[in-house]
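What follows is chain A paired twice: with chain B in the first complex and chain C in the second.
This part shows the complex of A and B:
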C-alpha cells in the first residue's frame, strides 16, 4: 500500500479508530437517535409508565406543538437569540473590534481583557454575579442607579437575561470580527476615505463585502449556542411563573424535574431539528467557500459543546 | 474655516470613541467587581464595596464539607476527560491521517455535525436515561465518558489536521529500522504533534471545568459533585447564602481557568481560539 507510510494496514487503522468511534456512538449518536424513540412513548421518570412505557405515536410531538407553554417557551427562545446574540453580541462585538482595530496600546488590551474575562469565567460563577448585580435589595445596580427595590429579575426577566448574555458572549464575536477586519486592506479604506466616503459608506462598501463570510459564520454559531444555552436556568430558573422559561429550561423542568421524559424527549427532538438546520446551513457555507480564507477553520469555530 | 470644522469634527469623534470605550469597560467590569472585592471583605454583602481586608473567608471553604472536595472532583473529571479525549482522538486521527479509508471525510463531517447539534440541552433526556441504565449516575466515569463522546469528533478533526501536516518520512525511516506500528505511533508521530495534543487537552479541561448541565444531571451525590454544581447549590439551597463562603469559593473555583487562559495566551499568543470554550 503506497499511501500507508505507517505500516498500519486496514486492520491496524480500524483498531486505532474503533475506541473513539465506540465512545462517540454510545454517548453521542445513540442518544440523538434514542431521543426520537423516547419522544414517541409515554415514558415517565416514576410511576406505572416508568415500568412499562407504551408507544403513543406522534402524540407528544402534536401535544407539544399545540401546547401554549411550549409555544411560549419557543417565543422566549426566539427573543433570547435575536436579542442577545444577533443584536447584542454581534453588534457590540463588531463595534468593539472596529474601534480597537488600529490601536495597539494598553486601552485595547484592557478592553479586550475584560470582555474576554466575562467569557471565560465558569457559568455558575457568572450566574451568581448577575444575581448579585440585579438583586432587589442589595444589588449594585440599584445602588448605582439609585432605584432601591427595583426587582429586575422579577419585573424584567427576559430583558435581564438578554443583557446578561450580551455581556457573557460578546467576546466571541469581538475576536472573530477582529480577525476578519485584519483581512481588509487599510489602503482600500484610505482610498474610500479620500474619495469622501462616510464611515457608514466605508463599512457598507469596503468592509462588509470582505467579511460577509465571517458575519454569517458568526451569526450562525452564536445563534446555535444561545439557542442551546442553559445559563438562564441558573439565574432565573425559568421564573417568575415561566416568564423566562426558554426551551432548554422548559425541557429540564418538564422532563427531569417533573419526570415527563416522553414529552421532554419530544421537545428535545424539536431542538435537535432546529440545531440541525443551523449546522447544515453553516456546513454548506463552509463547503461553498472551500478552504477560502474568508471563513474561519471549521474545526476551530464549530467546536463548542453547550454545557 | 473648513480646517477648523474638520478639527472640531475630529474632536467630537474622539470624544465619542472615548465615551464608547468607557461605557464598554463599565458594562463588562461592573458585574465582575463583586468577585474581586467580596472574597476579601470581612463583612461581605451582596453590594460591591471597598473591602475591609481579610483572608478569613477562604477558611470558610475548609469548614464546608463539600467545597474543597468538589474542586478535587472537578480535577478528576476534567483530567479524566482530557486523558480520554487526547488518547482516543490521537490514535484515531493518526490512523485516519495515514490510512485511506473509503468515506473517511464524509464520516468526519457527519460526526462533527452531530457533535455540534447534539448539545447537552438537546440530549439531556436520553443521556440521563442511558447513564441510569449503565449505572453511571453519581460516578466520575459517567461524566468523563459522556463529555468525551461529545468532544471527540472535533478533537479528531483538529488533530487530523496536525497529523496531515507532519511529514511521513520519519515514519518510513523508522519502519526501515524495524519499528512496529505502535512504536512508530508513540515515538515518532506523537512527539511531532505535541502542540496539537496540548491544545486538545486544555480545551477539554476548560470544557469540563466550567461545564454545568451534564454534571448537574448525572451527579446527585454532593460528595461526587464538581465545583460548578456545588457552587450552584451554595446560592440556591438553604435560604440566605453564606456570602463569605460563596465569594471565596467562586474566586478559588474561577482561578484555574483564568490562569490557564493567561498561560495559553502568553505562551501561544492567544488571538482567536473560537473552540477553546465550554
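This part shows the complex of A and C:
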C-alpha cells in the first residue's frame, strides 16, 4: 500500500475535491455559521433593527430556553416524533412488511403501491387532501362516520397530525423493512418454527437481531425527517392557539410572521443541535455494533449516507 | 416409524412436487431420499417436518396422524443445508435454543448443550459465534442442536453438500457412526447417489414427485427397477444399449448375447434395453464370442483404474474406423496397468450374470444366484 493509491499527488487530489468543498462551504457551512451569528443579534425583518441590527449576546438563546411557548413547542415536537415516526411509521411499516413478506403477486403490489402513493405525493397536495378529509363542514371523514360537525382539527389537532404523518411516511419504513426481511434466511425462521417458537419468539430471536442495523438506520432517518417536518403548518398553521405548533412551525411564525429574525435564528440553531444529538447517539449505537464480529455491511454503508 | 399415505403436494400454478406417494420408514432406520434436482425430495422432507402442508394424503409419525400438527409439535429436528445457525448466539445458545423454547431451566439446558457438544468434539468451541467456526464445525453445531432435544426423528436436508470434498468423506463416516449410536429414525435428502449408498439403510430413488424404487443400497445398485434408476445410481453411469430378441438370443450393438431365462417369453424381434455396469465389462485384445467389438475413443484415469470409452457399431459390422461419432458407446472400468491404447480395437465382454434386461422399462432379469459367483 502506498500513501497515494490514486497517483494524483496532493495537488491533483485537492484540485478534484475543491469544487465540492467550495459548494459545501458556501451553501452549508456558511449559512450555519451565519445562523449562529444572527441568533446573537436583534435582527428583525422590518423596522429600525432590520437596518442596523445590534449584537445582544446570548439573550435570544436564554429567552427561548426560558420561554413557555418554546418549551411547549419542543414537547409537541417530541409527541409528533414519538407518535408518528417511532410508533406510527416504524411499527406500522414493519407490520406491513412482515405481513406481505412471503406474498408475491397482485396483493403485495397493490398494498405497496397504495402505501407508496401517499409518500410520493407533494406535501401541499396531501395537506389539501387531509383538510378535505377532516373538515368540520363537508369533510369526508364526518360523512363516513356519520358524525356531522365533528371538528377533528380543532378538537384533536396533534392526534390528527400524528395520524396524518403516519399515513404519509409509512412507505419508507415499509420498504426498508421489506428489504431487511429479505436478508433473513428462511431456514433460520424454519429452525425456530421446528423448535416450537411462537411468532413473537421468532421475531425476538431470529428477525430482530438480524435487522438491528436496519431498525437503527430507519429510526434515525424518520426521526430527523419528522422532527424537521413543516407539513403540519399547511394543515393546522400551528393552531388552534398554538396547540399544534411544533418547532419548525414555531420558528416560521416567530421569524417570518412576527419578523423576529434574530430569535428565529437562535431557535433554528437549537433545532440543529437537537438533530446533531440524534445523529451522534445513532452513530454511537452503530459503532457499538461494529465491535461485534458479524455486522451486516449495509448498515455501516447506510450510516455514512445518513451522516 | 414415519408413514406417508397418498401424499400429494401441489404448489400454486399447478406444479405437482409430490404425486400420490406412499412410504413407510421403520424405527431407527437411516433413510435416504435420492433424486435429481426438482424431483420433489426436499418438498417431501419439508412435508414430513410440517413446513409444507400436503394438498392430499396423510403423514403419521410413531403411529400418530400429524398431518395437521404444526412443525413445533411434531417432535422432529431438522438440519438445513446452510445449517441455519443464529449468528448472534454463541455455540451453547445455538445448541440450547430448542430447549429454551421448551422452557427447560437455564442451568439444565446449558448442561445438556455442553454434554452434546462434548460428544461432537465441540467442547472447546462453546463460547464462539458461528462466524468464527469452520464449515465442518458449523455442521456439527447444527447436528448438536438437533440431537440435544432428543427428537423422535432427524430430518437432514443435503447435510454434507456445503462441505469441501475431503471433509465430506470424513463427515459422512462420522454421520453414519453417530446415527448408529443414537439409533434415531433419520431421513435425509441428497442428490449424490454415492452419499445415499454409503449412508443409508434404505434408499428411495425419486423422479417427478414419485418414488421409482425403494430398497437397500445393494438392491438399488445391483437391481435398478427401471432404466432411470439404472442410469442415476453408480459413480460411472451404467451402459444402457438398445437391442432386440433375434434367433433365441439378444442382438445388441453388433454383438450376439445369450438371452436370459426370464426373457425367454419375449417374441422374436421384441425391443429390449440391455444394461451392464462398466465395472462388469471385461476388455480383451482378441475377438471373443458375446463381446462388443469397439475402438477406444476416450481414456479417463480414475486413480486405481481407468474408465475406457469404446465406440461400437449400432448394427452388425466391424469396429468403426477412426473416431467419427454415430455409433453407440460402451464404457468399461479396467484395473490399473490393463488399459488399452487410444484408438486400439478391443472386444468388451459383459459378465452375463451381471447383465440386466429391460423390456418396456421393466426389469426382467432376476437377482444373480450368489452361489454362481
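As a convention for this text, the second predicted complex is superposed on the first by the 258 of 307 C-alpha atoms of A that agree within 3 Å, B and C clash if a C-alpha of one lies under 4 Å from a C-alpha of the other, contacts with A are read in each partner's own complex, and residues count from 1 in each chain.
In the analysis below, contacts are C-beta pairs under 8 Å (C-beta built on N, C-alpha and C of every residue); 3 or more make two chains touch, one makes a residue touch a chain.
Everything numeric in this text was worked out from a predicted model, so none of it was measured.
In the superposed model, A:191 makes contact with chain C only, not with chain B. When both complexes are overlaid on chain A, the residue A:210 reaches chain C alone and has no touch with chain B. Ranked by how many residues of chain A each touches, chain B and chain C are led by B.
Once the two complexes are laid over each other on the shared chain, residue contacts for A:106 go to neither chain B nor chain C.
When the two structures are aligned on the shared chain, A:122 is found in touch with chain B, with no touch to chain C.
In the superposition on chain A, A:32 makes contact with chain B only, not with chain C. By the touch criterion defined above, A:66 lies against neither chain B nor chain C after alignment on the C-alpha atoms of chain A. In the complex of the two chains, the chain B residues touching chain A come out as 17, 20-21, 24-25, 27-35, 45-48, 84, 88-89, 91-92, 94-96, 98-101, 109, 111-130, 145-158, 161, 168-169, 171-172, 175, 180-181, 184-185, 189, 203, 206-207, 209-214, 217, 227-229, 231-232, 235-236, 246, 250, 253-254, 257-258, 261, 271-275, 277-278.
Interface residues of chain A, counted against chain B in their complex, comprise 1, 3-10, 12-14, 16-17, 19-21, 23-24, 26-32, 34-35, 38, 92, 95-96, 99, 107, 110-111, 114-133, 135, 137-141, 143, 167, 170, 172, 175-176, 178-179, 221, 224, 228-231, 234, 237, 247-248, 251-252, 255-256, 261, 264-265, 268-269, 271-272, 275-276, 278-280, 283, 296-307. If you check the complex, the residues on chain A that touch chain C are 185, 187-188, 190-197, 201, 205-206, 209-210, 292-294. Chain contact summary for the complex, chain C toward chain A: residues 49-51, 70-74, 76-78, 80-82, 84, 86-88, 97-98, 101-102, 129, 131-132, 145, 149.
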